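Next up: some structures, all given as structure tokens.
The two complexes that follow have chain A in common; it is paired with chain B in the first and with chain C in the second.
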Partner chain A sequence: MQTADSRLTPFTISRRARVGVALVLAWSAASMSPATVLPEERADVMYHRYDGGDVTVSGPSVLVRKNVGEKLSIAANYYTDFVSSASIDVQTSASPYDETRNQYSLSADLLNGKSVYSLGYIRSSESDYQADTAFFGVSQSLFGDLTTISFGYRYGDNDIGRNVAGVLDPDFNEQMKTQGFSAGVSQVLTRNMILALNYEVVTDEGFLRSPYRSVRYITGPTTQALQSEAYPRTRTSNAAALRGKYFLPWRAAAELGYRYYRDTWGVRGHTADLGYTHPIGKWTLDGSVRYYRQDRADFYRDLYPRRDFANFLSRDKELATYDNLT
Partner chain B sequence: MRARLLLLGLSLAIGASACSPIEPWVKPYERENIADPIMAFNRDPISQAYIDHVYEVREAARGATGGSGGGCGCN
Partner chain C sequence: MGASYDFRIPRMAWIDRSSASIRYSFLTVNYDDFRDASQSLGKFGVLPDEPLAPGTEPLYKLDASVLQIFFSIWF
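Moving on to the complex of A and B:
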């Protein structure tokens, strides 16, 4: 699938087109469990590669999910990704990055009447970043199983280091804590249509900037200099998403989704996507189109007029005005 | 005031539903299509988690995708 930023008209490729190409090869062996709301048993091996928005992400992933008795399901996942970015930062300060991240996770789902309780732990390690996340969730089906409500909470502890010339800097150690609360409702509307509404608030506290990146400022008519970024120490974001799925008469499914995002740094984001799933014998064909647009954070600038221009300084491309069609 | 009215309305609705249970308007025997695996919102959890992660690496927006993860790989 090849796509281009062109304001939702996929046939014109603008000159500064940001092209996102996602390739996901997945092998999956899933055995359907009998009528239960526990997740089905499965073993998945996947290789993925994404190329777009100046970022390449690739790597393998393995998931195994096994039921223990009729009420308990346990899953283990190993996931590696290799992120490399040759961004515009390269022109001014040395921040093209190559990073290998390993992630292990273990989770359990327990079925109790019409409720499913989930509990899990995720560890993610990079050479200069370690994240430990624990999560808990509960979902409950109501009204003759037409409605399902769910709640979730997660807590993450992040240990941030800094590599200098490929070696971890012993004098640099920062912390960041993340908490997330989520709630969702899914509702069967007709015999062919289901709707889901999800809401999540995430709040971060601690060291939120990059230990490497710098911002540029003007020192003279033709000269510029660099200084470290300065970020607030908290960030709270709210996101709400509505998804609908429709069963088509020839056994295929169409999906439509929209998400609105805003955070305390002044970023607003809109995500819209359209998907189509078509089974052919043992194979399932999935296609989707996704459009994303965000406004920049209040304090983001590509070039500041002078040193220490504001309390907060950032040149992170994640916080810039951006749009992308995948 | 509006919040109170909303709360009142909500509690009335819950109260009413407690007295006369809502009849499922899609009967169990009519749920063949809804129960089809292709109708699941997260049919392929690992590739979905991966795709969500990729978007999170490049975009400011996060959350409400139905999954959860740790770390970013984007310093």
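Moving on to the complex of A and C:
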């Protein structure tokens, strides 16, 4: 499932719902480069930690990218999340839990003249969820490498289970399929400035809600009760992003971006971000600020007036109205 | 914000360059229509001493930090 609030790098693709989005953004990042070339040969080892909302997520990641000959680049990535959660959703309707999430990916980039063809596969698994995603992309340089266009497609197959008292429920098995199409163009405007425009359509079909989360409804002046969520079985989203980068004479760079998101559930999202990179000798310092604002899904409510109030019911805070400053 | 430092590794000529990096982000999320229901429903099945009426709980707010430390080589 695509989320409206997304700004990810290949190293931050930890949440199962964002795997495919990260892939598309990886293509988008490639489209910011002024010419079509193979990625650099490199290896990275990372430790990451998220801490907030009574949830901690931490773990290692390893990425290796190697060329085979002069026209083929192969990349492999391993990413692990150790999750400890007592989030606000868990507090009100479940028990704290710990789990491990593993993700493996393999991808290849083939350089053919002024084109790069990309192909890859990702598997993400945890105790109650397995996601398999395959993707394909192509980028092409035009007009003396001043313009680069790119297209991408991905397909995801998700198996969703449910743990009851720490044991996988054998009677619960749901599926969700997702497809994403993306297109982008980047243009070198001056010797110091590059501009990129990307557009993405994502369709999800199947089991789109959490098997654990409940909604609440009023039963009296001071009383309430819970019932399971009820979601539509399809969701289609559109997102467009515009990003500009300006290179300054002292090898610094400033970056400005905006992204608009909307989907068939009524969610509307706006993201704006500003970044600056500054080299000092062997050091490179960077800072950025980002603001995100979203309007809620049509069927979202914090509190329903009665049981079975509508066909679709949700109390997922990611479908609520909120803003996020990073 | 982030910082990275480029350096050479002695006696490993096959490595063109290497760097160590650290990135830290702080984020705050403010919800307009998602309330802290633990103040009425309780936490993990234990009711609060003075539960609030549903719909009168304070709006939920989330603060979080993200830390990334990584080591990179180019070859």
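Simple rule for what comes next: the second predicted complex is superposed on the first by the 265 of 326 C-alpha atoms of A that agree within 3 Å, B and C clash if a C-alpha of one lies under 4 Å from a C-alpha of the other, contacts with A are read in each partner's own complex, and residues count from 1 in each chain.
Assume a residue touches a chain if its C-beta (ideal position, glycine included) is under 8 Å from a C-beta of that chain, and two chains touch if they have at least 3 such contacts.
Being a predicted model, the structure only gives us computed values, none of them experimental.
S.K.: In the overlay, answer first, second, both or neither for which of chain B and chain C A:Met46 touches.
M.R.: So A:Met46 meets both chain B and chain C here.
S.K.: More residues of chain A are touched by which chain, chain B or chain C?
M.R.: The partner with more contacted residues on chain A is B.
S.K.: Counting only touches as set out at the top, which of chain B and chain C does A:Asn158 meet: first, second, both, neither?
M.R.: The first partner, chain B, only.
S.K.: After the superposition on A, what does A:Glu70 contact: first (chain B), second (chain C), both or neither?
M.R.: It touches nothing on chain B or chain C.
S.K.: Return first, second, both or neither, reflecting whether A:Asp98 touches chain B, chain C, both chains, or no partner chain.
M.R.: Neither: A:Asp98 stays clear of chain B and chain C.
S.K.: Which partner chains sit in contact with A:Tyr322 here, chain B, chain C, both or neither? Use first/second/both/neither.
M.R.: both
S.K.: After the superposition on A, what does A:Thr133 contact: first (chain B), second (chain C), both or neither?
M.R.: It touches chain B, and chain C stays clear.
S.K.: Would you check which partner chain A:Asp263 touches, where first means chain B only, second means chain C only, and both and neither mean what they say?
M.R.: It touches chain B, and chain C stays clear.
S.K.: Quick check on the superposed pair: does A:Asp169 touch chain B, chain C, both, or neither? Answer first, second, both or neither.
M.R.: In the superposition, A:Asp169 contacts neither chain B nor chain C.
S.K.: A:Thr284 in the overlay: touching chain B, chain C, both, or neither? Say first, second, both or neither.
M.R.: So A:Thr284 meets both chain B and chain C here.
S.K.: Find the residues of chain A that appear in the contact set with chain B and again in the contact set with chain C.
M.R.: After superposing on chain A, chain A residues 44, 46, 48, 50, 52-53, 284, 286, 317, 322, 324 contact both chain B and chain C.
S.K.: Okay, in this complex, where on chain C does chain A touch?
M.R.: Touch residues, chain C against chain A: 1-7, 25-38, 40-44, 53-55, 60, 62-75.
S.K.: Name, in rising order, each residue of chain B that touches chain A in their complex.
M.R.: These residues of chain B touch chain A: 22-26, 28, 30-34, 36-39, 41, 43-47, 49-51, 53-55, 57-66, 68-75.
S.K.: Can you tell me which positions in chain A touch chain C when the two form their complex?
M.R.: On the chain A side, the touching residues are 11-12, 40-53, 88, 91-96, 216, 218, 221-224, 226, 282-288, 296, 300-303, 315, 317, 320-326.
S.K.: Name, in rising order, each residue of chain A that touches chain B in their complex.
M.R.: 22, 24, 26, 28, 32, 44, 46, 48, 50, 52-55, 57, 61, 63, 77, 79, 81, 83, 85, 97, 99, 101, 103, 120, 122-126, 128-133, 135, 143-146, 152, 154, 156, 158, 160, 180, 182, 184, 186, 188, 190-192, 194, 196, 198-202, 210-212, 237-241, 243, 245, 247, 251-253, 255, 259, 261, 263, 265, 267, 269, 271, 277, 279, 284, 286, 292, 294, 297, 317-319, 322, 324
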